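Both of the next two complexes hold chain A, though its partner changes from chain B to chain C.
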Partner chain A sequence: MKRTMKNHSKSYIDKYSTLLILLAMIIVCSLLSPNFMTSKNLMNILKQVSIVTILSFAQGMIIISGEIDLSIGSLAGMAGTYSCILYVATGNLTLAFLFGILLGGVIGLVNGFFVAVFELPSFIVTLAMQTITFGAICLYTGGNNIYKIGDYNVLGQGTVFGVIPVTVVFMVLMCVITHFLLKYTKFGRYIYAIGGNKEAANAAGIQVRKIKWITFVISGVFASIAGMILMGRLNAGIPSEGTGYETDAIMATVVGGTSFSGGAGSAVGTLIGSIIIGVLNNIMNLMGVESYTQKIIKGFLIIFAVLLDYKSKSKKSNVKIMVAAADENQSSK
Partner chain B sequence: MKKKLLGVIVVLTMVGTLLMGCGGSEDTSETGSADAAGSENSTDETYKIAFLPTDMSATFAAWLAQELENAIEAYPNMEMTILDSKNTLSTQLENLENCVTQGYDYIILHPLEPDAEADIVDRYIQEGTPILMVNQSDGGSEYASNVDCDPIEQGRIVAEVAAGKIPQDGKVVILLGPSGNSHSIGRREGFEQYLFEARPDIEVLDEQIGDWEKSKGMNFMEDWMQAYDQIDAVISMNDAMALGALEAAKDAGRDEALTAYGIDGLADAVLSIEEGGLTATCVQNAKVMAETTFEIIDKVLKGETEFEKTLIDGELIDENNVEEWIQIHKDNGQIK
Partner chain C sequence: MESNVKLELNGISKSFPGVKALDGVNIRLRKGTVHAVMGENGAGKSTLMKIINGLYQKDSGRILLDGKEVAFSSPLESAEAGIAMIYQELNYFPELTIEENVFMGRQPSKAGIVNWKALRAQIHKIFADNGLDYDPGTKIKELSVSNIQMLEIVKAVAFRAEVIIMDEPTSSISNQEVETLFAAINRLRDMGISILYISHKMEEIFRIADDITVIRDGKSIISGPADEFDNNSLITHMVGRPIENIYPKEVIPLGDTIFEVKELCSKDTFEDVSFQIRKGEIVGMAGLVGAGRTEVARAIFGMEPHDSGEILLHGQRLQIKNVTQAVRNKILMVSEDRKKEGVVGVRSIRENIALASLRVRKGGFLNLRRERNETQEMSNKLNVRSAGLETALGSLSGGNQQKVILARWLMLKGEILILDEPTRGIDVGAKLEIYQIMMNLVKEQGLGILMISSELPELIGMCDRIYTMNKGRVTGSIEREEFSQERIMRLATAEYKNIQKGRSI
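Entry: the complex of A and B
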């Protein structure tokens, strides 16, 4: 009885290990720089991580299902820029926004088609889609950027009630949606099941193909939303700005405790992982750390965070196995 | 179900290849007849010229390609093919090799890494294919022609404006291009010589690598504005990062209190100067670069010279001549 209590508090700590890392970082940072703990600065951090975080929610769902999506970065660039083009042409923000989402959904549909129906490796399909989407936008713009996007920039620079940036509102909204999908819907439980063990999920009657397909469509839609916010923030349609974001998203997801082999992870964890990276970038800039040193420190912190998380997780599963073994011994007696 | 789909796709692919095949053969027959016509009038031989840009999705490379296409119209005996290097050195080297083996008469190389490519370029030239390196240094190549805009000079042009505008004891932040990039290093050197050495009262608060990206310029500026109460100028090695920093400053209501300097002079920069955002930039005029390139090619192909190295001047753009540049970018299609 005593032991189970101890296990309980331990697993509690394990569960929130990434949150504890973040809290520890915040305490250290506020001691390091007097400019850190201001509401303006904290809001800046949230603003800066919002776009990568939204992409991370998409990447998180895909990774939990045991796949990967390398197209989200350039898809964000493409959908965002096309949406800008449509806005400049029509002046209708709703239309431009819906068009961006549609575009993201269609690309996701194509990704999902090849991954789910033909069972091609998602790594290859989405890598190919990365060059296709980037080519598709550059073909139209001829390498030029889209300027004078007018009020489109409210998507990235606007505020709600004059204080909360629209980008942060989007991030929180997407977090709630992802959390709801993963925790409270059949679809979410199926994603975990497929990522944990595809054959078992199939045997249990889950329509693996359909679920995977839907996951890629959601990923495409999320990427397009991130892209439109990015262009709004930049106050221009710049296709190349999206490229490379997919790796940042993978980083945030994994730091946030998502298992790279699928089957485990959460929206809140991803959010925390992304904020950890954002806080680190911010404090190093506040303190004027030289840029090459910044890269090295960032790399080490990420390894450290993942290591800590990995250690706590593997301990937990050891405990589980031991408990299960003990139970088995007991029942066999 | 799956088999059916597979069948449909196979059929579609076959039809596709069939159609493409037709298109392809038509093309070859066309060039074939053109060649035949050419050999009839054996006096004017057509020179095959290849242009190997760094990355056609980059605005400057796209502008340069377009100006080269305009400039070649003055030489009816030349035709140009563009082979994109997609910002990858290995791709560029493969393209270069292919062009040499396919017997192109002249290659315009827009090098990604001039220092690494110089030896290879020299070897090809000695084997009989003349090459011109454009918009970058010649990387120490002995025989390649070169048309470039000196990056230190570009830095100087903007630095001299900045030296006149930044207040006494001003505090500045600096945004750099990717580490090791020769243009970023050269431009920074221009600022060092003509701004920081000329104005030792100026204090550099911080200096960071923004990889030419607008979003990174924006992120750095947001953090800097938290750390420093006074920022009098943003000095950036390209326009995009300076414009990102300006977006951040505008958002915080601090854009009126500072001046911002960039280099490149493309559409985004001139529009910002017109609106009173960016203070000054320096443009490498792709039109002049393209025209100079073809003048050299013409001389080399006529046998008047073996190679020629030229530096073209950078041009300052600020509020005084911004209208003129808006018109230029309207003419070349960057501003619609």
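Entry: the complex of A and C
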């Protein structure tokens, strides 16, 4: 009984380890810089991470299912820019927004088709889709940017109640959606199972192909939403702007405790992971760390974070095995 | 008598954090005999062997070799004293050759440079002495498990081992290879080598062991000559409670035929397979490895395609192209490969049990409270032992994992349950529980069960009828009253065309 109690508090700590890291960082940062703990700065951090975070939710679901999507960055660029073009042409924001989502969904559909039906490695398919989507937008714009997008920028620069940035609202909304998808729907349960053991999921009657396919469509839709917000914030349709975001999204999900081998991870964890990276960037800026140095520090800290997570996980499973063995011994006595 | 003892273990104890693995174990291994150490998984057998071998250090107790107390701090020291260990998981370097592996760590060398000429001369002599015709230049990965085992034994002899410890040597080799292994063990015994043989398989123990020691919960329960034990007494000692009859079989009145397979064919693997299952019936499928039993089951369950033939439930023809369709039609299957096709190890027991039967409330969201209650109930019913429902399934023992997989299907109201090697790799106690679950299913829910197994005793113990298969064809069907190992084996090895011609077999 005592052991179970102890075990409970331990698993509590494990469960909230990323949150504890974030809190520790916030305390340290507020000591390091007086400008850190201001509401303006904190809101700024959220605003800055919002786009990558939305992409991280997409990437998170894909990684949980045991795949990877490298196309989301340039897909965001493409869908965002096309949406701008449509807005400039029609002046209808709803139409432009829906068109962007449709584009993202279609690209996800194609990714999913090759990965789920032909069982090609997602790394290769989505890597190819990265150049396809970038090419597909540059072909139309001739590689140029789209300026004078007018009110389209509310997507990135608007505020709700005059204080909360629209981008942050989107981020929170996407977090809630992802959380519900993962935790409270059959779909969510199935992608955990597929990522944990594809063969076993199939043998349990789960339609593995269909679920994988849907996951890629959702990823595409999320990416396009991120892309449109990005263009709104930049106040222009810039095709190349999304490129590279996919790796930031991978970092955020992994720092947030998503297992790279699939089968584990959460929306809230991803959100925290993304904010951790955001806080890190912010404090380095506040302290005047030079930008190239920032990159090096960031890289090492991410390795460190993953190492911590990895270590605590491998220890945890050892403990669990021994507890189970001990219980077994006891109950057979 | 005293001088006859080669290796004596006296009150060996060993604790790991949180678990007392060994608690005063005594074993006396006589010179030139085979001494079986039996116990369920987790009883402490492997820990004991690692202590003898010097891989682990004992907390207390004495080890006497030829009457002198010894203490090994590493496997190398025990090897020098003449104790060789053949592990359950054979450890070797797959990309290196036989000669490199055999001499790993003891290459004849000068100033760090291996003397290959001396090494080759030695290995040729060793192989010639032991009648082994392997090419020493072969890479280890090209050898079978059994080949490597032989190599290990020859290696042990060559390096003058006087005690050989074998940890579950038959766990991953075929029946025929077991014969080769036993012949080798008999040779070793004749040479005066003493063998400590760890296993939990009854059948083989009585064939080769001179003495038996049973270990349970880290204690040596009983020790004595093998002929003082029998199957039932051994199981009783291993499990710790008396068992009147291993199989909880009750012959119950059977219903109508509910499931029928007609002339099922799949190119290259099986042909014209037909059989029936009645309501409440346990139908066995016997045959040698490769007879096509698993393939037929997988075709019925939609995991592999079939070319022609019919699958009927209640007289209605089913279209089964994938597992989802099979499950929808109330046909369920537990795969022979639990780890690959059953367990989602990183997810919890709860999620694994609920996986095929997720409950949804209005609005499409999962009803987690209902799920928690139902999975808890099912887990209690099947006696799944764990630290709690949220424990990762991967950390449970094989028997408990199997119970969870069964629980997954019991959450659905199935009609036909296919069990492919349902007790493979799980210990005796859990086996009995699985048999009991099967019996409850046919009795209380009227399920029809198709049981595929390579262990004839369990088929004979549990089934109402047994079909035999050989080379992809059904070669016979035997009713319970006529069950006998000989009869089943004869049919399972019979040629289909001979049966067609009506020759008596």
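One rule holds in what follows: the second predicted complex is superposed on the first by the 326 of 333 C-alpha atoms of A that agree within 3 Å, B and C clash if a C-alpha of one lies under 4 Å from a C-alpha of the other, contacts with A are read in each partner's own complex, and residues count from 1 in each chain.
Note that in this section contacts are C-beta pairs under 8 Å (C-beta built on N, C-alpha and C of every residue); 3 or more make two chains touch, one makes a residue touch a chain.
It should be emphasised that the depicted structure is a prediction, and the values quoted were computed from it without experimental measurement.
**Student:** Superposed on chain A, are chain B and chain C clashing or fitting side by side?
**Tutor:** Partners fit side by side after overlay.
**Student:** Is A:Asn285 contacted by the first partner chain B, the second partner chain C, both or neither?
**Tutor:** Touch partner of A:Asn285: chain B, not chain C.
**Student:** Using the touch definition from the top, say if A:Ala201 reaches chain B (first), chain C (second), both or neither.
**Tutor:** second
**Student:** A:Asn145 contacts which: chain B (first), chain C (second), both, neither?
**Tutor:** A:Asn145 contacts chain B only, not chain C.
**Student:** Under the superposition described above, what is the C-alpha centre angle at chain A formed with chain B and chain C, rounded in steps of 10 degrees?
**Tutor:** So the C-alpha centres give an angle of 130 degrees.
**Student:** Just chain B (first), just chain C (second), both, or neither: which does A:Asn235 touch?
**Tutor:** Only chain B; A:Asn235 stays clear of chain C.
**Student:** Closest pair of CA atoms, one in chain B and one in chain C, after superposing: how far apart in Å?
**Tutor:** Superposition on chain A places chain B and chain C at a least C-alpha distance of 10 Å.
**Student:** Which of the residues in chain B end up touching chain A in this complex?
**Tutor:** Where chain B meets chain A, its residues are 2, 5, 56-59, 61-63, 66, 176, 179, 205-209, 213-215, 218-220, 222-224, 226-227, 240, 243-244, 247, 251, 267-268, 271, 333-335.
**Student:** Which stretch or stretches of chain C touch chain A in the complex?
**Tutor:** Residues of chain C touching chain A: 16-19, 42, 217-218, 240, 303, 322-324, 326-328, 333, 335, 340-347, 351, 354-356, 358, 360, 364-366, 368, 385-388, 390-392, 394-397, 400, 408, 429.
**Student:** Hey, which residues of chain A end up touching chain B in the complex?
**Tutor:** 33, 35, 38, 40-41, 44, 47-48, 117-118, 134, 138, 142-145, 147-148, 157, 230, 233-236, 238-241, 281-282, 285-288, 291-292
**Student:** Taking the touch rule as given, give the residues of chain A at its contact with chain C in the complex, in rising order.
**Tutor:** On the chain A side, the touching residues are 3-4, 7, 11, 180, 183-186, 189, 192-193, 196-197, 199-207, 259, 263-264, 317, 320-329, 331-333.
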